[in-house]
Amino acid sequence: MSEGLDLLLDVRGVSKHFGGVYALNNASLSVVRGEVHALIGPNGAGKTTLIHVLSGALPCNGGRVVFDGNDLERRPMHERVTLGLARSYQITNIFTRLTVLDNVAMAVQSRVRDWGSSFSFWKPFSLDSAIIGEAHALLAQVSLSGMANRLAGQLSHGEQRSLEVALALATKPKLLLLDEPMAGMGPEESERMVGLIEHLAQQVTILLVEHDMDAVFRLADRISVLVGGTVIASGSPEAIRGDAEVRRAYLGDEVA
Amino acid sequence: MTQLILEQALNGLQFGLMLFLLAAGLTLVFGIMDMINLAHGSLYMVGAYLAAEVTQASGSFITGVGVAMLGTAVLAVVLEVVLLRRLYARNHLAQVLATFALILIANECVRIVWGAQTLMLNAPDALSGPVRIGGFLYPSYRLLIIGVGALIAGLLYVLVARTRIGMWVRAGASNREMTEALGINVRLLFTAVFAFGAALCALAGAMLGPLLAVQVGMGESILILAFVVIVIGGIGSIRGALVGSLLVGLVDTLGRAMLPAMLRALFSPEVASSLGPALASVLIYVLMAAILFWRPEGLFPARA
Amino acid sequence: MGLYATTTRRRIAAVFVLLGLIALPWGMRLIGQEFYVSFASRVLIMALAATSLNLVIGFGGMVSFGHAAFFGAGAYCVAVLAESGVTSAWLAWPAATGVAAVLAVLVGAISLRTRGVYFIMITLAFAQMVFYLVVSLKTWGGDDGLPLLQRSAFGSLDLKDDSTFYFVVLAILAFVLFMLDRIAHSRFGRVIQSIRENEVRMEALGYPVFSFKLVCFSLGGALAGLAGALMANQAGLASPNLLHWMQSGILMVMIVIGGVGSVFGGVVGAVLLLVCEEAFVEITPHWQIGLGLLLLAVVLWAPLGIAGLFGWGRNRE
Amino acid sequence: MRLAKLVLALAAASCLGSSVNAADKVKVGFLSTLSGPGAGLGVDIRDGFNLAIKHQGGKLGGLPAEVIIADDQQKPEVAQQITEKFLKKDKVDFMTGIVFSNIMLAAGQPIFDSKTFFISANAGPSQYAGDQCNPYFFNVAWQNDNLHEAVGKYVNDKGFKNVVLVAPNYPGGKDAMVGFKRFYKGKVGEEVYTKLGQLDYAAELTQIRSLKPDAVFFFLPGGMGINFVKQFVAAGLSADTQLFAPGFSADEDVIKAVGAPMLGMFNSSHWAHDMQNAENKRFVADFQKEFGRLPSLYASQGYDAALLIDAAVRDVKGKLDDKEAVRKALEAKRFKSVRGDFKFNTNHYPVQDYYLRVIGRDDQGRITNKTIGTVFSNHADAYVAQCKMK
């Protein structure tokens, strides 16, 4: 169904089991360059497991993942990031004891390939004005400029979620995996996050895992539905909304 | 030749079970409380000293062992309530250092109470000689250790796998928060487990006293072996501790017995005689490093 | 205040301490206590060793229980070289540093596959292997150790003179501390400290965490080797005791007392521990009780170490 | 406290001013292993040494004795450190007390360089007996090999044909085996080397049983020896195999720890508490009175070390600055040793008799050593020829 399109991510029949329990069972999915692709599904459907497998945090038990023409099998997490595959975490995962600016600078620094890159032992980091400047720019993008010198641990939940996104963004990804960016947010914070994602969508391809259906249908160009470890449908929001199987398996009890 | 290997294997089994007595308590405390307790060796030492003292005073080895277990358990409760409790939430480095401090304090206290000289603790006369099994003589006291070790292993298996307390313990080892959420008094559970571990420790000290020197510092040399055992087995797993101790016992014993002879077949006698014992003495560390290389969480990780 | 802070004020204080240390030999000569110059060299060497471990544990977050292996390797390297006629410090000391670094790369490459307690134990295992192998080697003196009949030749300086040796040690330590301070604030230093804070996130930001940890571990090992080379010179002996696991434990004690992850933590800890030991020993033969209580007190009430108490630590939350 | 000491030291320094001919007191730096597994040995040497001074009314050679005691923790670098303190800070006249050879070798050179006499009450490394012999080193105990040689001689004389040797896998252990074999010419069934600090000897005992030797000689210092003897007897090997050890593996401290299983074990020594000379009777009786235990051979060596210093100081009439005279006085050894008598060889190691002892019950039913005969008379060590004493 996606032949002829410019595929950025192609997931083919990926499985992952823990002991005898299958979290992913022959799941397939493709993300086209430039789109916002949402992945939805009931709790326990395997969404976060898929994100873990894609980012390299968990090895898969079968299937292939091709990203931007590279087979990802056996590639460690950090290499995937270098290829342009960044993720955010469902449970906020930032450096709470660093300042907000340092958090982002650390992420920016991971891309630096000038002399010595991150194996530079001597030059004080405080003189790395390029990195720091870029970090400030990123903070401005996620509206955290005023917080630059606060400890990340002292931010509000919503601000931490924004920082989480900024960290992923700082690696200059081609594909951004956002794992429930709106988890635990109030309506106002959610609204701000939706705005941020809309803004980001202009620069980067996004695979979005989210429970907030309003947000999903507002943001997504295409939607895939994961149920019981298998993708049962992929298509435009309208097609998904109208898909009988999806309605029966999942949407029925939430939207209808 | 086969008989010799058989006898050496029995020696390995015996040494393994000897280590298991110490490792069982260590792995329990470690697995459930996520607490590295270097002072475990000190409890072992205190157990041996109490056993030696009471055995000499009362003339009965069994009384000695009993009092040692009880006394050490009481000491452990005091220690847990006063000090160790504060360390559960701390990182491993803090735990290592605090319990290392306890080793220093315990060693000096024992030296003040009992002096620097080695204490006497002998097996009851009935068990002091060898018995004949099959084609060879075997020390009866070592058979007793095999028996006690196997008994403790069985008891622990039943306790952990079959009883309600065991269920809590297993729950505590795999997920502390969840156990607490289930309304189990984790604090009390921890104290109880720690006291139980200490009693096992004292049992080990008292049982090994007749084979080993009862002296200050006796805990440290065996503690490292016990740590090797539980790390090989996977921390927190009783089954792992048993497999680990048997593995260490067999590899160490057979290595010492076979390696020099095997090397002699390969190298000149001079090279063999200097290489053999050196290799044999590092064999268990090589074993541990190799196992951790392939299985970085030990053979039976408790927290899958 | 961020994670990697060493303020200007602290640097000024360090300069004053340094000046005091430079004046120490004259002061001691003035009151006729030259003995303490040699004692001070030993303290500074241990401070260097502790600092090297602090780089691994405090900055890199890798709780290594086998640091003595690298310390001892450096000492033995100098002694073995001296026996075969290489007495020049310009050759022997870098060689000791290099040998320790290579050993650390090997040990680290295997050990860093594991985490937590498993890492503690596997590093201990490697140190034990080195210990037993060295003790059984007759050519290296076994448990007698390998004597170093004369101190290394260091250009025109006469290291046999205790004050000269002291100044050389002091200069090396000062340089290493300066270097550590630079590293702590460099890109590399920030990366390893962030790995200590949140390893998974660093990997997810695209950092090859394993390589960074290995480099940090090996750097610590190399510096320990340098300390070992100095120790062999100071004691006139490469002793297997330097390889013993208790030595690893003592170094750990020093950095915990001093301050884990603070640039001066290793120095503060080494000075405090050795001076306390020196003082306790004169009071009672059971001085280890005092040491034990001190250690307990630090762990319970000053988790950031003495350096942390005075706000020299890595962070004040 | 440190400050007070400093002030005292300063005052003392200014009072002394220029060097006086006769010292007003004798300062002895007593460095020994007083903590850790080897502590028992050092404690015995210390107690023996102190008893001798007490017998001399708190004096050495008629001068008030000041003994500074320090613990080397059985660590060479600690010993080296304390030695430096003794030499540079306390400026002692004599040093003594070191138990272990590796510690001795670490501490020796600075002592000799500072021209301070070291009276060894135990450690007798072959280096200092041979090519590294030194005018400032005296040993009142033995050369390390001697006790092994004595056992080797006895085992050889008694016609044992097949002996298994057991020692820890480090050079000291291998040297002991060499010492034994210097006088034992029969067949060595096997030389078993064990891990340093090994706990369990089951594998070695099984191996020994399969070799069917008529005697076993072991050199396993400290706790290792205790473990070995206990397990040897429990394995029932003592029925057909005679166990031999150097004296320090079968002395009162070990007997106290092992008890009955040691009965019937042979060992060599240059001293025994049942020796009948008057000095020894007094020493043994007073030691028991003072410390409530039988003295070990370490205690006897500590006692002799103090007596040697006492005699030398008296000889030179307190003129301790005259190193040459003090050395001559020490070499002359004008005191009666509790072991009967001995004299110094050219390398300053004793030439003395070695005895065989067996462990049995005495009249009071105590388990202890009994002397059963002389193995060597006026025996010297094997290294003296290499010594060119300056």
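Worth a mention:
By letter and in written order, the chains are A, B, C and D; residue numbering begins at 1 in each of them.
As a working rule, a contact is a pair of C-beta atoms (placed from the backbone, for glycine too) under 8 Å apart; a residue touches a chain by one contact, two chains touch by 3 or more.
Worth saying up front: this structure is predicted, and the values here are computed from it rather than measured.
Taking B-D and C-D together, the chain pair joined by more C-beta contacts is B-D. For the pair chain C and chain D, the distance between C-alpha centroids works out to 36 Å.
Centre-to-centre separation of chain B and chain C, using mean CA positions: 32 Å. With centres defined as mean CA coordinates, chain D is found 74 Å away from chain A.
Annotation for chain D: residues 34-35, 169, 195-196 touch two or more other chains. Residue numbers of chain A whose C-beta contacts span two or more other chains: none are found. Within chain B, the positions touching two or more other chains are listed as 111, 277-278, 281.
Viewed as a contact network, the protein chains fit none of the simple shapes, being neither a path, a ring, a star nor fully connected.
Going by the touch rule set out above, the chain pairs that meet are A-C, B-C, B-D, C-D.
Of all the residues in chain C, the ones that touch chain B in their complex are 57, 63, 65, 110, 113-118, 120-122, 124-126, 128-129, 132-133, 136-138, 245, 249, 252-253, 256, 260, 286, 288-289, 291-296, 298-300, 303. On the side of chain D, the complex with chain C involves touching residues 1-2, 6, 9-10, 13, 34-35, 70-71, 75-77, 80-81, 84-85, 87-89, 101-102, 105-106, 109-110, 125, 169-172, 174, 195-196. Contacts from chain B toward chain C in the complex involve residues 30, 36, 83, 86-87, 90, 92-94, 96-98, 100-105, 107-109, 111-112, 224, 227-228, 231, 235, 274, 277-278, 281-282, 285-286, 288-289, 292-293, 296-298. Considering their complex, residues 55, 57, 76-79, 81-82, 86-87, 89, 93-99, 102, 106-107, 109-112, 116-126, 128, 151, 167, 170-171 of chain A touch chain C.
Touching chain B in their complex are the following residues of chain D: 34-37, 39-40, 43, 169, 191, 193-200, 202-204, 206-207, 209-210, 222-223, 226-227, 230-231, 233-236, 253-254, 256-261, 293.
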